[in-house]
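So that you can tell them apart, the chains are marked A, B, C and D in the order they are listed, and the count of residues begins at 1 in each.
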Amino acid sequence: MAFSVAVAGASGYAGGELLRLLAGHPDFEVQTVTAHSNAGQQLIDVQPHLRSLAHLTLVDTTPEALDGHDVVFVALPHGKSGALTAHLSPDTLVVDCGADHRLESETDWARFYGGEYFGAWAYGVPELPVGDEEQRSRLLGARRIAAPGCNASTVALAVAPGIRAGVIEAQDLVAVLAVGPSGAGKALTVPNLAGEILGSANPYAVGGTHRHIPEIQQSLRWAGAVNPTISFTPVIVPMARGILATVTARLVPGTSAEAVREAWESAYVAEPFVHLLPPGRFPRTSDVLGANTALIGLAIDEAVGRVVTVTAVDNLAKGTAGAAIQSANIALGLPETAGLSTNGVAP
Amino acid sequence: MAFSVAVAGASGYAGGELLRLLAGHPDFEVQTVTAHSNAGQQLIDVQPHLRSLAHLTLVDTTPEALDGHDVVFVALPHGKSGALTAHLSPDTLVVDCGADHRLESETDWARFYGGEYFGAWAYGVPELPVGDEEQRSRLLGARRIAAPGCNASTVALAVAPGIRAGVIEAQDLVAVLAVGPSGAGKALTVPNLAGEILGSANPYAVGGTHRHIPEIQQSLRWAGAVNPTISFTPVIVPMARGILATVTARLVPGTSAEAVREAWESAYVAEPFVHLLPPGRFPRTSDVLGANTALIGLAIDEAVGRVVTVTAVDNLAKGTAGAAIQSANIALGLPETAGLSTNGVAP
Amino acid sequence: MAFSVAVAGASGYAGGELLRLLAGHPDFEVQTVTAHSNAGQQLIDVQPHLRSLAHLTLVDTTPEALDGHDVVFVALPHGKSGALTAHLSPDTLVVDCGADHRLESETDWARFYGGEYFGAWAYGVPELPVGDEEQRSRLLGARRIAAPGCNASTVALAVAPGIRAGVIEAQDLVAVLAVGPSGAGKALTVPNLAGEILGSANPYAVGGTHRHIPEIQQSLRWAGAVNPTISFTPVIVPMARGILATVTARLVPGTSAEAVREAWESAYVAEPFVHLLPPGRFPRTSDVLGANTALIGLAIDEAVGRVVTVTAVDNLAKGTAGAAIQSANIALGLPETAGLSTNGVAP
Amino acid sequence: MAFSVAVAGASGYAGGELLRLLAGHPDFEVQTVTAHSNAGQQLIDVQPHLRSLAHLTLVDTTPEALDGHDVVFVALPHGKSGALTAHLSPDTLVVDCGADHRLESETDWARFYGGEYFGAWAYGVPELPVGDEEQRSRLLGARRIAAPGCNASTVALAVAPGIRAGVIEAQDLVAVLAVGPSGAGKALTVPNLAGEILGSANPYAVGGTHRHIPEIQQSLRWAGAVNPTISFTPVIVPMARGILATVTARLVPGTSAEAVREAWESAYVAEPFVHLLPPGRFPRTSDVLGANTALIGLAIDEAVGRVVTVTAVDNLAKGTAGAAIQSANIALGLPETAGLSTNGVAP
């Protein structure tokens, strides 16, 4: 028997990816799709790539429309889901792909987002550590889940094993990310225009202002870091999807190369969706396009005393919608890998 | 009266950009173009964008073909120009766009390149410091010039002012570059295929192995650094040209924000081709496409204690061919800006 | 019980797409993957996006390696599969993604390809008409199938219904295709380099020389055309995958707009993978990326007396590997849609 | 002595390209730049690639701001320049890059644009025929010039010689264009977002509705056509700039291949900016990026009875701003090539 599903924000990029994955999921049946300005239109007219869902019509995003489903996925701009989902039954599994329920610190929320604070939910990156456990343990049976920020989870997956194992320092991390513009959604701004992005690499939120920074720090604290600090610079590059995160960290003096690699290997060896590549190999974003996979390459730069990690994630899949579904699988007691592919669409 | 010019390696990307710029230069007249496998073909058949040079025919790359010109630009793979240019008259201005004459340290050469070492020439980045002077002073009247590695000069321009001024540390620099594939030339390898690069971000030379690292360190030593260290990671992104270098450095404790900005401002305020952007502004590679311009944005990330610089350069223009021509202008006593545009081709 | 599968040419783009689709197919189990120069390597090292097949090793492409499987998919350059597959058991289902068995006319083969002619197999585009039937009827129980040329099947699907219904003329068709470079495989040539393709639109095979022309004409004859003629121009554009075919045909004088639309609607209304879009809607290649879907938009340009069709196909999926698997499903009596998605990966 | 210049609409893509070209023009001095919502900003903040014009400030677009210059270039949306420029002195050279003054037929204007009709000006494509002369003759001494629509002039340049020479028919032309999104300007619409365009080929205005169709027909009538008809389909592809137009025309029966080629050769042999490529060669848009060059490749497809032309133009340069400046050069008695490059920026 399939769980009934509603998707709020079905006209956007994250909503579209949720629906693409849900359409191929054996245990979910999408019954309701909601939107704001596109309400009343056929879903296929707004998301013309979702042929198998051509029978669905977008309705207005209201608590009533979302009510009565087993699972509600929410893909709305930050600040929009807190009030909306407060009305839903506590028995309904709600997975929020927005930022509203990611941060445990109200201070961080106020500083980086602002507006009413609705509290943190179980964090939808099962592979990340939280003390001696994994987030996975908090997701079991959960009914409120916050899917991660795509950049935040990518960076956290890249370095959390080393921090937990004590082989890298949690201060003075440096992350530079090549990211596709779909992460910005369909916001109608000049910097999002194709003319601005084609043939160019464009930085934004330089110098410590990006909203995913406190979310990264939270994950690093869960991994055991005290007062972690990270320099974080995202660069938009001309690919629709994808994150390639180069994250470097200072090697704890005296640590052996074997101990470094062992930290990541032991963390991810049993994971279905997060993989450490062999020495000398590094991932490309096309390797994970459309997949729920995070690939991590790792090198030690002895000359500078840093561990260099390069991590590839599809921002819409493992970065957002895939993480949401993977977490929902866990919460509902389904096989964690149900409906999720590990293979990228390449070239 | 125009200087007569030969370009060796005219069939490649760097050679093509040299010719594009030379074709618009008021003081140079391209008389000879050479190639290897394309010798015997019309230049326009190999470089169909160079309409104004349609009268030229590629000849074989030999000392005889290059002899007798006022200026010889060489754009050959590393290891190919040392022996070739040794035969040219000392009165001829030779500008090498390859790596053969960049490194002053034979040890570095042996470690990162190998093969016969031919010694270092004047380094073709006029704006970089060398002790209390600028490289410009070494270029005046020079007859042997090594144009820089595109990544190396971009990173050096990004941080040299801070090192010279003592506001950032020269150890533990971290550089991550988004670069276009034209930097790899026309080498026929699978990673250079369009199918591999379109829609993807692809790292290479991760972990301290890139050949431009010793060249960067050399520039930083010229700027006053002692034993500089840098983590350097290039990422190929789907744009034909361009480098966007995010280079961060630890702030020297106690340094004021004003002192930081002043270091870069004073270094570049009088430069025609290198510009520090106002606070809060950061460059895009499209801003400098085809231009001999380096644009630098700078922020201080207090939370992590790092200065963050983002620098945009066209790898083929200011990164290679433009630097070569700018340096040749200086060497020959021409206006430094002759034949070089500061404006990018955007969008 | 799953059918055992071998894939010959598993290191290329078509082979990679076959494996990606096969990995998600409920009734196939890939046991053997073969290659030429990559033989001996792990598949995952050559196709790093195929995580779920990381256990496979590439072996040399020989009849022995392919022998003994229920199904053999062949993705080799043209001229390579004819002799290779002649040795395989007649009970084995062989699906050739190359050109060797597409053309019924030995004269066409000699003129456009040359070399030994091995005869035509059942043509792997089930939706195309052949007389009063569909190709589907020839595929039932077949053990030798020729998957189509991606451009050829796209153009044939675009106009065959109109020709069969007699509402458009079969002479003076004009087709212009925007295509991604993956269609050219991993051939190491200068025109396939990223530097040549990024930021540019590049025509090739202009003026009636493309090898898919006789294959298109063959399909049109199957649809009832006598001496069909078509002007065919492909243009490489900077997207990894996809074909957007604009095919126009002269309207048969006196035909009503209703009759035109009815021709396509009746042809495809029951098809799971080929869809006529509503009036005023036209497809984009991103709508079908990774999907086994062909989307057709249609307009009548009264002023010029032409029917204009715009058809989007993923050249590697519905254009090649998806068609191969769809045809294999039919041949083996499996559900035609098994293992094939109708949804694109967008954006 | 330089002519004083104002540019209206300096914040858009066409305005930016005008300024880039004007900045390198020896006889023009840009004194005034105007905008709408960006008025009050520094030009460099809106067009960060125009370093050499960093001293200019955008002012509001009013007749007063434009008054008093020798030359006024207007790059506004259609319908905006008619009233604005009516106030300017008849002695001022006004070059309109919008559509307001291109069409001689008020009926065409009403049908494809609508709103007040302001009459046609001299058409800024000097190389096109008009009866026994060229448009060039109408531009000599002109003080009101309409720069062309980029698609319209590209198609007209592609086929006008054949029509004038009587070797191709003027009915049933078929044009399919691969175009970059910069042609749509900075309009904030979902289809213009990078997420929609990256990795995809997207048709628009299919079936005879594009506004450049009557402008093409007008040019063909000037070339001698009676009731020309053309099927015209533009396809947006993921490159910032460029038009690759594949235009085919029925060969007039009995015409020799020599006569066909001679028609184009004689038309363009003396042109500095329009070139017929040798047999077997076809242009790419990267060959003309940033250049004022149109390159035409031509083949005869005997099997289908069509002449196939493939023409590459930079939509912003030769397609718009370059054409405007070339025409202004003629009007003012300057060298026609002043300030305009024939060389593309490639790769």
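By definition in this document, contacts are C-beta pairs under 8 Å (C-beta built on N, C-alpha and C of every residue); 3 or more make two chains touch, one makes a residue touch a chain.
Bear in mind that the values here come from a model prediction, so they are computed numbers and not experimental data.
The chain with its Cα centre farthest from the Cα centre of subunit A is D. Set against one another, B-C and A-C show the most C-beta pairs in contact at A-C. Here subunit B and subunit D face each other with the same set of residues for the most part; over half of the interface numbers are shared between them. Work out the mean CA point of subunit A and of subunit C, and you get 35 Å between them. With centres defined as mean CA coordinates, subunit C is found 45 Å away from subunit B. For subunit C, the set of residues that touch two or more other chains comprises 13, 182, 195-196, 198-200, 238-241, 283-284, 286-287, 289, 346-347.
Here subunit C touches subunit D in the complex through residues 171-174, 176, 178, 195-196, 198-204, 206-208, 229-231, 233, 235, 237-242, 244, 246, 248, 250, 282-287, 289, 297, 299-306, 308, 310, 312, 346-347, going by the rule given at the top.
Of all residues in subunit B, those touching subunit D in their complex are 13, 16, 20, 23-24, 45, 47-53, 182, 198-199, 240-241, 275, 281, 283-284, 286-291, 293, 295, 341-347.
On the side of subunit B, the complex with subunit C involves touching residues 13, 180-182, 184, 186, 188-190, 192-200, 238-240.
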